[in-house]
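Chain naming follows the written order as A, B and C, and within any one chain the residues start at number 1.
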Amino acid sequence: MIAFFIKRLAQAIVVMFVISIISFSIQDNLGDPLREMVGQSVSEAERQELRNELGLNDPFLVQYGRFVKNALQGDLGTSYFFKEPALDVILGKLPATLELVFGASLIIVFLSVPLGVYSAINPHSWFSRAVMGFSIIGISVPVFLTAIGLIYLFSIELGWMPSFGRGDTQPMFWGWESGFFTWDGIAHLILPCISLASIMLPLFIRLIRAEMMEVLQSEYVKSAWAKGLNPRRIYFLHALKNTMLPVITVGGVQIGTMVAYTILTETVFQWPGMGFLFLEAINRVDTPLIVAYLIVVGAIFVITNTIVDLIYGLVNPTVNLAGKK
Amino acid sequence: MPLLEVRNLEVSFGLRSGDVKALRNVNFTLDRGERLGLVGESGAGKSVLGFSILNLISKPGRISDGQILFEGKDLADMSPEELRNIRGNRISMIFQDPMMTLNPVLTIGQQMVECLQAHRNISNENARTIAVQKLQQVQIPSPETRIDQYPHELSGGMRQRVVIAIGLLMDPDIIIADEPTTALDVTIQAEIMELMVELCERNNVALILITHDLGVVSQVTQKAIVMYAGRIIEQGPTREIINDAQHPYTQGLMNALPQMAIPGQRLNQIRGSMPSLQKIPTGCAFNPRCDYLRDACTKQLPGYTVSGNCKVACHMVAELKQAEQAPHEA
Amino acid sequence: MTNQNQTPASKMPEVETVPTAWQRFKDTHIWNSFIKDRVAQISLTIFMGYVIMALFAPVIAPFDPYDPTQMDIMNSELPPSWDEEMGEEQFWLGTDAQGRDLWSTILYGTRISLTIGICAVLLQATIGIIVGLIAGYRGGRVDSILMRFADVQLSFSTMMVAIVVLAIFQASFGTELYQDLAMVMLILVIGIAEWPQYARTIRASVLAEKKKEYIDAARVMGLGQIRIMFRHILPNTLSPILVISTVQVANAIISEASLSFLGLGMPVSQPSLGSLISSGFEYIFSGAWWITVIPGVVLVVLVLVMNLLGDWLRDVLNPKLYKG
């Protein structure tokens, strides 16, 4: 267990190191902090003095060291636009994004497993064919088009669902709020979650189906049949547990992709989350915000990958988390 | 009534290009406690025969004709529930590769207990006790700890012992063993085979041993069936087949054994290779490889000729017999 | 060495004609399953239609969408010609917000989307094949370093990398210069972000190939490493390459469309299918659905047929693709 965490920690440090270098280079090259701090009227000599004072003329490594030191203390600079600590601004928007990812994950998990398993067990039934047909169409429709289509159908034509925003939210812990606790909040969540799920759901259905079909051909499933076991036990214990191993690994990678796709979904639905904020920050060249976003997203990657590895280790007995032979 | 009787069994695989017959006109019987060897090259249909006895042929294959009578009841005609009551309970199966037959994500114990619970109303503790006993029977040291381990923690030989223990769990009437030792180290092969025979003998279990190794068949079984391209070409008491093979193919197999080779010379082998099931030649399927080829062989499917206690499917049996008895002139 | 090619031909009896490439192709598994598979036939036909549309866009298009003199703001947001009240004969699919003929703009947009998709995949394939061959063939430390690199690259999703990189470039180049470079940037970003897909698949098949005896034979014959890699191993990895390439072009087109939708891709003055959809999105609420829907359908059908072809190829060639 300890070895596992040390290995994980080392990976996390490498990833965060890469992100910090990228982030710092952005901060160093994008936009001039002085322009944001002082007006045009300040003379060149004063500017130079201010630069020295701010340490902007120091060597790269010194500046980078200072950046890391501040970052470790949770100080990623102040947003030019909001005039507030960038990290606070981003973290304030985090729940909205997580809510979206969580809702979409629920849809994906509760639909992909039964559909994938069913179509692997009955590959020739008309329902499986329909599922596979829908899934290949689903893969071929970009997420923003799904979102636009959903808005057009359910908001504009039918008027059933709100087309933008989060609706009513209820406070949770740490001052975070969530829309999961009010009907209005849930109504606002449905369309964005469906569109976010639409890109991954077909992928997972196809993946689970393919893996399951392979597992059903395996010798150990054949021998389970030869043992006279109940088909339910064969499908949902013997086959499914083995099917889920590669699915979990792929799922870990896909969570990162999902975070990226929140940018698209949030843009279409004007969802007040991190992704929407990030695009705004890019248009405003709000460097500290951009940097804060990258670091928060990097942290999300590292955390989810660690969790996925842990789950994988728990499901797969051949992986030894304790690290001993 | 024999324990198991297979009558006119035909197994077809529905492919896009049409049906392919993997087994044709297979007939044999098996008595309680009897040991039967199924011999043939790979692709001859011996594994398909093994699976079809349990009605376990995977799609697109199906039993297209014939009966498999187990204690007089037709397995080919049973409901899934009835079949489940027989599989693993009255007839169990041991597969070729112990690396692949045990589910990697379940412990040995789980895989044994589930089998007991599928066929008997039994508590977890009692099932576990029986499982430990069976592991002891197959000579696994410290079964109490082994039972909670996963397959990957066991060596290949150990795993095959576990597979045998699972096969014996319900004290079945028949065990079908499909090349049970081929995947193991040569040094362990004999040991495992000996163990299996001993356990079958002690519990009066009938054994169907599927193998390509005539040597093993001659040591272990009382009856043997030789298969070629989906058909039985020779069957009878093992001793007679080994000592006095009638069919040119069986003779070829016997001559190909390394023991039969003369030191310093090449091993004898049957020329050519077995045809794929889609391209079986007309007449006798073996005719392109046969040294005694006659006109009839390419035109007519040979019927079974009784010779001693054996049944042989060859046009040339009588002629060959004569040639053998007559003094060699050349 | 030069004679070697002629020897088998001269030995052959004269009666027997050497089968032409086409005849040999007709005997292959691919052709046989193609003539049986209706979906594959339709997909390929539609895809060829797209390719022709893209290649001959300047010839087919009734208007030049890049020529400002052919645009008239008075013609903006006209519905397709089958709308009897508002539609105009000369604009078959209507016009967009700037008064451009939608049909012509879609033709040019398809051209841009396909070009970016194909070029990006060529770039991915080049990097991925070279890295995959080296990693698989050399093995050891080179292999583990390259593959760790691929893992890290892959764990940041393509979209994320592309959005960040393009956003930074846009911010530092300024919008105008960026618009001129947009196409090159899109190709570079999508091309570089996705190379691990190829590298991992190629590496897997190289490892499988390497175990086979003919590679040992080639090595024993004293052939050079590069020759073995490119002449002996690479041809055997062609089927996985073909399969992923089809799907990757489809993915690249989706990525390009998504980036353009976010305003990080092709500018409105030179729209791809994605930027066309994006520019139409503002007008969907006022009822001008066609600016979004028609290019959307064009895009989805293009990606769909490519995915169907990819699926079909995967089933036929059945290569061992890298999983996980």
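Note that in this section a contact is a pair of C-beta atoms (placed from the backbone, for glycine too) under 8 Å apart; a residue touches a chain by one contact, two chains touch by 3 or more.
Everything quoted here is computed from the prediction, not taken from an experiment.
Among the remaining chains, the Cα-based centre furthest from that of chain C is the centre of B. Highest inter-chain contact count (C-beta pairs) belongs to A-C. A straight line joining the Cα centres of chain A and chain C is 26 Å long.
Centre to centre, using the average C-alpha position, chain A and chain B are separated by 54 Å. Touching of two or more other chains is recorded for no residue of chain B. Contacts from chain A toward chain B in the complex involve residues 217-231, 233, 237-238, 241-242, 245, 315-318. In the complex of the two chains, the chain B residues touching chain A come out as 54, 56, 58, 80, 83-89, 92-93, 95-97, 100-107, 114-115, 118-119, 150, 152, 163, 166. Put simply, chain C touches chain A in their complex at residues 152, 154-160, 163-164, 167-168, 170-172, 250, 254, 257-258, 261-263, 274, 277-278, 281, 284-285, 289, 292, 296, 299-300, 303-304, 307-308, 311, 323-324.
Partner chain C is touched in their complex by these residues of chain A: 14-15, 18, 22, 26, 29-31, 136-137, 139-145, 148-149, 151-152, 156, 246, 249-250, 253, 256-257, 259-261, 263-264, 267-268, 279, 282, 285, 290, 294, 297, 301, 305.
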